[in-house]
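As written, the chain order gives the labels A, B, C and D, with residue 1 at the start of each chain.
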Amino acid sequence: MDQQTSNPPATNPLSTEPSLRQRLASHYDFVRSWSELLCEPLHPEDCVIQTMPDVSPTRWHLAHTTWFFETFILAAASENYQPFHPQYGYLFNSYYNTVGEQFPRPQRGFLSRPTLDEVWAYRWAIDDRLLEFIQTCSEASLLQYVPVIEIGLHHEQQHQELILTDIKHVFSCNPLYPVYRSSDDEKDSSLSAEQNPIDLQWKSFEGGVVEIGHQGEAFAYDNEGPRHRVHLESFELADRLVTNGEWLAFLEDGGYQRPELWLSAGWATVQESAWKAPRYWFKQGQDWHHFTLSGLKPLALDEPVCHVSFYEADAFARWLDARLPTEAEWEVACGDRPLQGHFVEEENFAPLPAPTAPDTSLQQMYGDVWEWTASPYLGYPGYKANPGALGEYNGKFMCNQFVLRGGSCATSKTHIRPTYRNFFDPAARWQFSGLRLAR
Amino acid sequence: MDQQTSNPPATNPLSTEPSLRQRLASHYDFVRSWSELLCEPLHPEDCVIQTMPDVSPTRWHLAHTTWFFETFILAAASENYQPFHPQYGYLFNSYYNTVGEQFPRPQRGFLSRPTLDEVWAYRWAIDDRLLEFIQTCSEASLLQYVPVIEIGLHHEQQHQELILTDIKHVFSCNPLYPVYRSSDDEKDSSLSAEQNPIDLQWKSFEGGVVEIGHQGEAFAYDNEGPRHRVHLESFELADRLVTNGEWLAFLEDGGYQRPELWLSAGWATVQESAWKAPRYWFKQGQDWHHFTLSGLKPLALDEPVCHVSFYEADAFARWLDARLPTEAEWEVACGDRPLQGHFVEEENFAPLPAPTAPDTSLQQMYGDVWEWTASPYLGYPGYKANPGALGEYNGKFMCNQFVLRGGSCATSKTHIRPTYRNFFDPAARWQFSGLRLAR
Amino acid sequence: MDQQTSNPPATNPLSTEPSLRQRLASHYDFVRSWSELLCEPLHPEDCVIQTMPDVSPTRWHLAHTTWFFETFILAAASENYQPFHPQYGYLFNSYYNTVGEQFPRPQRGFLSRPTLDEVWAYRWAIDDRLLEFIQTCSEASLLQYVPVIEIGLHHEQQHQELILTDIKHVFSCNPLYPVYRSSDDEKDSSLSAEQNPIDLQWKSFEGGVVEIGHQGEAFAYDNEGPRHRVHLESFELADRLVTNGEWLAFLEDGGYQRPELWLSAGWATVQESAWKAPRYWFKQGQDWHHFTLSGLKPLALDEPVCHVSFYEADAFARWLDARLPTEAEWEVACGDRPLQGHFVEEENFAPLPAPTAPDTSLQQMYGDVWEWTASPYLGYPGYKANPGALGEYNGKFMCNQFVLRGGSCATSKTHIRPTYRNFFDPAARWQFSGLRLAR
Amino acid sequence: MDQQTSNPPATNPLSTEPSLRQRLASHYDFVRSWSELLCEPLHPEDCVIQTMPDVSPTRWHLAHTTWFFETFILAAASENYQPFHPQYGYLFNSYYNTVGEQFPRPQRGFLSRPTLDEVWAYRWAIDDRLLEFIQTCSEASLLQYVPVIEIGLHHEQQHQELILTDIKHVFSCNPLYPVYRSSDDEKDSSLSAEQNPIDLQWKSFEGGVVEIGHQGEAFAYDNEGPRHRVHLESFELADRLVTNGEWLAFLEDGGYQRPELWLSAGWATVQESAWKAPRYWFKQGQDWHHFTLSGLKPLALDEPVCHVSFYEADAFARWLDARLPTEAEWEVACGDRPLQGHFVEEENFAPLPAPTAPDTSLQQMYGDVWEWTASPYLGYPGYKANPGALGEYNGKFMCNQFVLRGGSCATSKTHIRPTYRNFFDPAARWQFSGLRLAR
C-alpha cells in the first residue's frame, strides 16, 4: 500500500497514460489484492463466523465480490460461460432477485465449506479469467463492460470496509477480545480524562437555492444523481466531530435514561436492546474501555465517538439543543475541498482525534467516522434505478434508512466523493459511524 | 349530526358570534357527543377487544380522550385537583412519558374494568368539570387553556377516526363478519367487473421555489409549520385516486409475486406477512370480496382502493412506471380549494367512487381515503417540538413513518386542512389509506 | 346449590329412584345451571377477555360446553340435524381434529360476537333440544347416549373450574384488581406472620405390589384405567399441604435464586419468566399480598400455598430434602376415604387452612388445591384411547405433563374421585395447584 | 482402533494385569486419542460452526472435555492449581452452575478463538498434567480421583458421539453436502425399493415383578440405579428395528398429515416445524435421498430408520396399532446378552440393515440406532443426585425428556451397558435415534 499513498494519481487510476486495458487490469489487480492484505491477520476459524444477521463471514465477502465479477462480466459477456462451481451462484448472491435465489442471509455462518483455501482458489481463478477478458475482449465489449468492472471494484471496496466492520463485531463477541492488528505505539495511554477537547466552533453557511448531486464523467453510483436544486435555509455546522469525551458527558447526564431526548422509535430500541453506551464501550470496574481492532483499550476521550446509531446521534444533538445536518447541508458545506482525512490506507483502523490547533475551516469532513445526517435515504428528483440486476444495487433500499456522509477510517480514499451517499438503518451501530452537530 | 352538515359555520365554531366561553363550551359539547354517537352500534363486548398492538379497545379511546382533558386542563390548572380515579392516569395515558408511567399498550385488551358504563360515568363527570371550568375560570386561565382545549378536541377527533378504523379491524378478525352499520341501499350490487373507471387524467404543475406549511391564526398542529420554502421540479398528478379495479389488475399481473416492483423492506414484509391483496380483501371461491363497516361485500371495482400500505402503494406506482407524490407536491397542487369530499359526517364509513363525469381539476383530494405520499415524516426546517408533555404529541414520531394527506371517509370535515400531515409506518394497512399517482 | 349440599344422593344423581330419563334430565339441569350461577358476578366485558393462550373467555367456555352437547349428542343422533348456527362448530370446537377445523386458540379473545346474550340464547336453545331428546329418544338411543351425556356433564364441570381459574387470571392482569365475590368476613385480617402452622407429621405406608386405577360401573374418564398392578417401595406422606408460611421461608432462603434446587428446565423457566414468588403473590412495600377471587389480600400464612408450578413444587421439596409423591403413592394412601374437603360448593373460591388440631390421618387430601405429583401423565398399561373424536379427550395429551390429584376449591365435589387424574404442563401456575411432601 | 476390536479386555481396561496407575494412564490415552482421530477429516473451518443451539462446534467439544479433567481432577486435587487459561473456565463450562458462570450456549458459534491449534495445545497440556497426576499423586488421591477420571472418560465418549452427530447436522445445512468420510464400497447402490425387509417377528415376554437398574462394582452413571423392582404386564417386542422402507410406507400413507396418529404436542411440532420426513431425508425430484456422513445417498430401504423424534416414533407405532416399549421392558428383554452390534469402532457412521436370515432372538438391540422408549426420563425410586457439581451431570434433566436405549453407530462399544439410559427431548431428531415396536 505504500506506493499507493505516495502516488497521487492512484485516486483515479483510469486517467493515467497507459492503454485502457492495461490501466483497467492494473486497477483491478490493485483493488483486489487489498482484500487479500486485509485478511492476512486472520485465521481460517475467524473467517466463518456470523455474529448477527447483518454480519457476514470474511470468506463470504471474498467469495461474494468474486461472484459479482463472474456474474456481471464473465457470465454476462459469454453465452457459453461455464460457472466455476454450479452452487456458488446460490451461495454467494447477496440480494439480486433478478439473478436468482439466494442462500438465506442469517445462515451464512452455517457454512464451513467452501473452505478459505477453496475460496482463495475461486478468487484467483476468476481473477485470471477476468484479466484475460480485459486483455482479449472486443473493443465493443470493453466499452460495454468497463463501467461494470468499475462498479465491481467500488463494490469490492465497500466489502473491504465490511470485512473490517464485521470482524470487529465478531471479535467483540468473544470474551478473549482478539486483536486484529496490534497498534505500534501505545498512544492511547497518554490520554487522560481531564484532557478536554478543544472548544467546538460553529461555521456559518448562507441559505438559498443550491445544487447537489453528482455530475460529470467520473464514476459515481446511480443514487448520487441526478444533480438537482434544493432550497436551504441558512445553517451552521460544528467544525469537528463529536468526541468520546463529549459523549461520556451525555451518558453521565443520564442521556440513555431520559425519554424526552429520544425519538419514540429510538427510545423503544434503547429499552429493548438495553443500550447504555456506544456499541463497543465496556465498563470494567469504574473505567470505560472501548474495543478496537487493536484490542480492548482505555477509552480515548479526544477521539471521535464511533459506533453510535442514528437514534443515539439524534438524541445527543437534542441534548445540546442542536440537530444533525441534512445531507444537502453537508454536501454544500463540504464543497470541493481536497480529499484529505484518515482513511483505511493509513491502516490505523480507528478514528483519530482532531488537530488540537483549530483550523479556520471545517475539519474531519472525510475519513475517521461516517457522519449521520438527518436525511432519510431517498431517490433524488428524477432518480430511476437502472433496469436489470444492477438496478437492485441501491434503489430498493430507499426506505427507513438514513444517509451518512464522508467515509471512515475503514474506507478507501479512492472510494469516497463529496456526493457519496452511504445509508444504514437508524438502529445500526456496527459501522464506523459518528456525528457532527448542526443548528 | 344533521345540524352540523347543514350548518356551515360549524367548521370553525370558535369564529361565531357568542362569547368565547359559550362558543368553547358549545364546540366541546359538539365534538364530545360525536364520540358517543359513534359508539351507538356497539355492544359492551365489542368495546374491550384488541386484535393487534396498534388497535385499542373502543372503551380505551373513550377514556383516554377524557384523561387528556382531565390531565392537561383540569389537573394542570389547579394545584389541588383530585383525580377522578387514582389509577386512571396509569391506565389511560398513551405515551406521555413526561406525565408518568403507562400501562403496556399491547395489553389494553386485557382490561375488562372499568366497564363501559364506568367509562361513560368518567366521561360525563369530566365533561361536567370541564364545562364548569370553561364557564368559571379566570380570564387568564381561559386564555392559557383555550389552545389546549382546542388541541384536546382535535385529539378527540383523531381518536374518533381510530374508533372506526380499530373496530373495523376487530370485526374483520371475526369469521362472523359483524356489521357496524348496515348500508341503506345496496348500491354495491349494481357494480360489475366490466364497468371500467374513467380513464385517468394527468394534471401538470410548474416547478420552482414554493412555500408550504401552516401560517396564520387558525388551529394547526405544531408539525404543520413553520411555513417554509422548498424547491420543486415540474410534476404531474393523477386527477383521481387509484381504484379497486386498477388494483385488481395489478394483483392479477403478479403484483404481489414480483420482487422487482418492491422496495427491499416492502418485499420482506410481503413475504413475512404473506400479503396477497389489500388488508380487507377476501377471496371466496373465484370472487373477491372486501370487508366494510357494513359487512362483507362483493368488491366494488370503481371505489378507491383502501387499506393498502405505503409499500403496496409504492409498488403499484412502480408497476405503472409512475411514483407517489411528495407531500410538498400534494400541498401545492391542493392549493386553497374548498374542503369538499366524502367525510365521516356523511356516515358512509367507506370511500365512494369518483364522479363519472371527469372534472377539469383534481378530484377526491379530500376525504374518501388518506393518500400516501413519498415523503418520510420529518420536522420542517426550524421545527422545534413544544416543551413539556404536549411536545410529545408529534415530534417524537419523526422517523420511519410516511406522510399521508387529505383525510378519509372516517375523518371529520372540521378536522382536516391542506397543510394537515398524517403519518404512519410504511407497513400499516388498517387505516383508510389509498393513493394517487404522480410522475 | 343449597339443596345439593344438604342432599347426599345428589353426588350421584343417576342412582336415585326416578326413571333414568327423569334423573338424567334433572342431573343435566343441575350441572348446567351451576355454570350460569358462576357467571352472575360478571359483566359482559369480563366475559370476552383472554390474557394468555391458556386462558379462554368466559363466553367461550359457555359456548364450547354447549357445542359439546350439540355435536356429540344432538348432531350425532340425527342425520338431519340442523346446527343452531353454521359457524359455531368452527368457533367453539376446542381441539377435536376429527370433528373439523378450529378457530385459533390464541385468538379467542379477538371475538366480541356472539355477544354474551347470544351465547345464553345458544345455551338455552340447546338445553331445550337436549332435554327433549332425553325425554323422547328411543330406548336404544338412550342407552347409547347416556354415557356421552355423562361425559358432557363432567366436561362441563371441568370448564366450570376453568371459568374460575381463567377469570382469576384475567382479573389479576388488571391493576384495579377486580373482585369476583367479596368475602363475607375478614377472616384474613386475624392472621399474623408469627402464627406458625402446626408441625408437619409424616404418615408411613408399606410398599409391595398394589393395584391402582378405576374399576367398576361408576363414571370415570378413560385415562383412569385400566386398573393395574404397580410395585411400590415403602414411603411416607406429609399429613397436610404445604402452607404459604412455609413457602415464604423457602423464598426468603433464596429459593428462587439457587439453581441447585431446580430441575434444569425449571431453572430456565425461572430465569426467562423472572419468577420470584407464586403466581398471584404481589409485594407492596415490605409486605406480601396475594390476589384472590375476593381481591388483593395480605398473604394468609396458614393457607395452603396455591398457584405454584410443578417446577416450583419440585424445587421446594428438594429444598427440604423431600420429594413429591408419585400418583400411585397418592392413590394408595388416599384409599377409600370419604370425599370430604373444601370444594367449590362451599363458594369460598380459595383454599382453607388445615385444622389446627392435628388429625391422626392424612388431611386435605381432597379439595383446597390440586396436588402436584412426581408422575408424568402417561397411559396406564393396556390403555387405548377410544376411537373417534371423544378419543381425543385425554389420550393425546400424554406427554410432557404431570399428574395432579385430589381436586381444589374450584372443583365440584361431584366431579372428583380417588382415581381422578388431572394433568398440566410443569410450568403451569394459573390453576389452583399446590403440593404435599413425600419421602 | 484395530487393536481394540481384536482385544476383548479393552472393554474394561481397568481390570487387566498392569498396575492401576499404568492401566488408568493407558485407558485415558486410549479414549482421548479417539477424539483426535474423529477430527482428522475436518478442516479448521468445520470446527467452529453451530447450526442450532443444541449443536456445539467440534472445537468446543474438544475443549470442554479437557476442561472437565482440568476442573474436576487437577483443580480439585490441588489448592494452588494455576488454570491453563483464566477464561477457559467461563468459555468451556457447559452447565455446571456450582462451578461458575457459563458463556451462553447458543453463542458457542460466535467464537473463533481459541483456534483449533490453540485448543489442541490446551488438550495436550492438560493430558500431560493429568498423566503426570496419575503417576505421581498419593495413593489416597488416586483412590479418590479414579472414579472421577472414569466419569471423565465416559463423558469424553459421550462428546465423541456428539462430535459426530453435531458435524452431521452442520454439514446437512450446507447445500454442498460435504462428506465426512467417503464410504469404501457403494453398498447402497445395490438396494432397490422393491427389496422388502424380512417380516417382523414378535418375541413374547412374561410379566411379573422384575428388577432393573445397575448393580455391582463396574462403572455406571448414577441415574442407572438404584436397582429396584417394577411390576410388568406380559409384553411383546419386535425382533428388529423399524426400517426406512417401513417408514416410507408410513409417510406415503399420510403419516405426517393425520393428526389422529399423533400426540397433541407432537402434532403441534409437525405443524410448526413443517416436518414431512425424518431429519435428513431430502426429496430430489421423485426420489428420496438421505444425508449421511458419507454424503447424500439414495435412501437405503433396508437400513434402520434414523433421526426420528420421539413424537414421530410414537406416531409410527400408533399407525401400526403398536406402541414403544418401556425402558423396563427393554432392559428385561435385553437381559445379559453379549455386547454385539454395529458401534462406532466399525467406522461405518451409519446404521446397517438387520441380517436377512432371521435369528431366533432379538436383533439389533445394541448399536445402529438409539431406541426411543415410552418412558419419561425420571429418577429411579430412591435416586439422589450426588452432592456437588457432578451431581448436576444427570439428575437435573429428569423432566420432559424420554429415555433411549442400546447405543448407536456413533457410540463406543466400551461406553454402553444394558442399564444405560440416554435421554433427549421428545422433539430431538439430530441424534442417531430410531425405534423398535412393542405391544
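We take it that contacts are C-beta pairs under 8 Å (C-beta built on N, C-alpha and C of every residue); 3 or more make two chains touch, one makes a residue touch a chain.
This is a predicted model, so every value here is computed, not measured.
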- Item | Chain hops separating chain D from chain B, counting only touching neighbours | 2
- Query: Does A-D or A-B have more contacting C-beta pairs?
  - Reply: A-D
- Most remote chain, CA-based centroid, reference being chain C: A
- Task: Could you put a whole-Å number on the gap between the CA centroids of chain A and chain B?
- Result: 40
- Item | Whole-Å gap between the CA centroids of chain A and chain D | 47
- Residues of chain C touching 2+ other chains? none
- Throw together a list of every chain pair that touches. A-B, A-D, B-C, C-D
- Residues on chain D engaged by chain A in the complex (per definition of touch): 43-49, 51, 59, 87, 90-91, 103, 107, 109-116, 170, 173-176, 178
- Query: Along chain B, where are the residues that touch chain A in the complex?
  - Reply: 95, 97-98, 209, 228-231, 233, 259-260, 262-267, 311, 314, 374, 376, 378, 381-382, 391-392, 396-400, 426
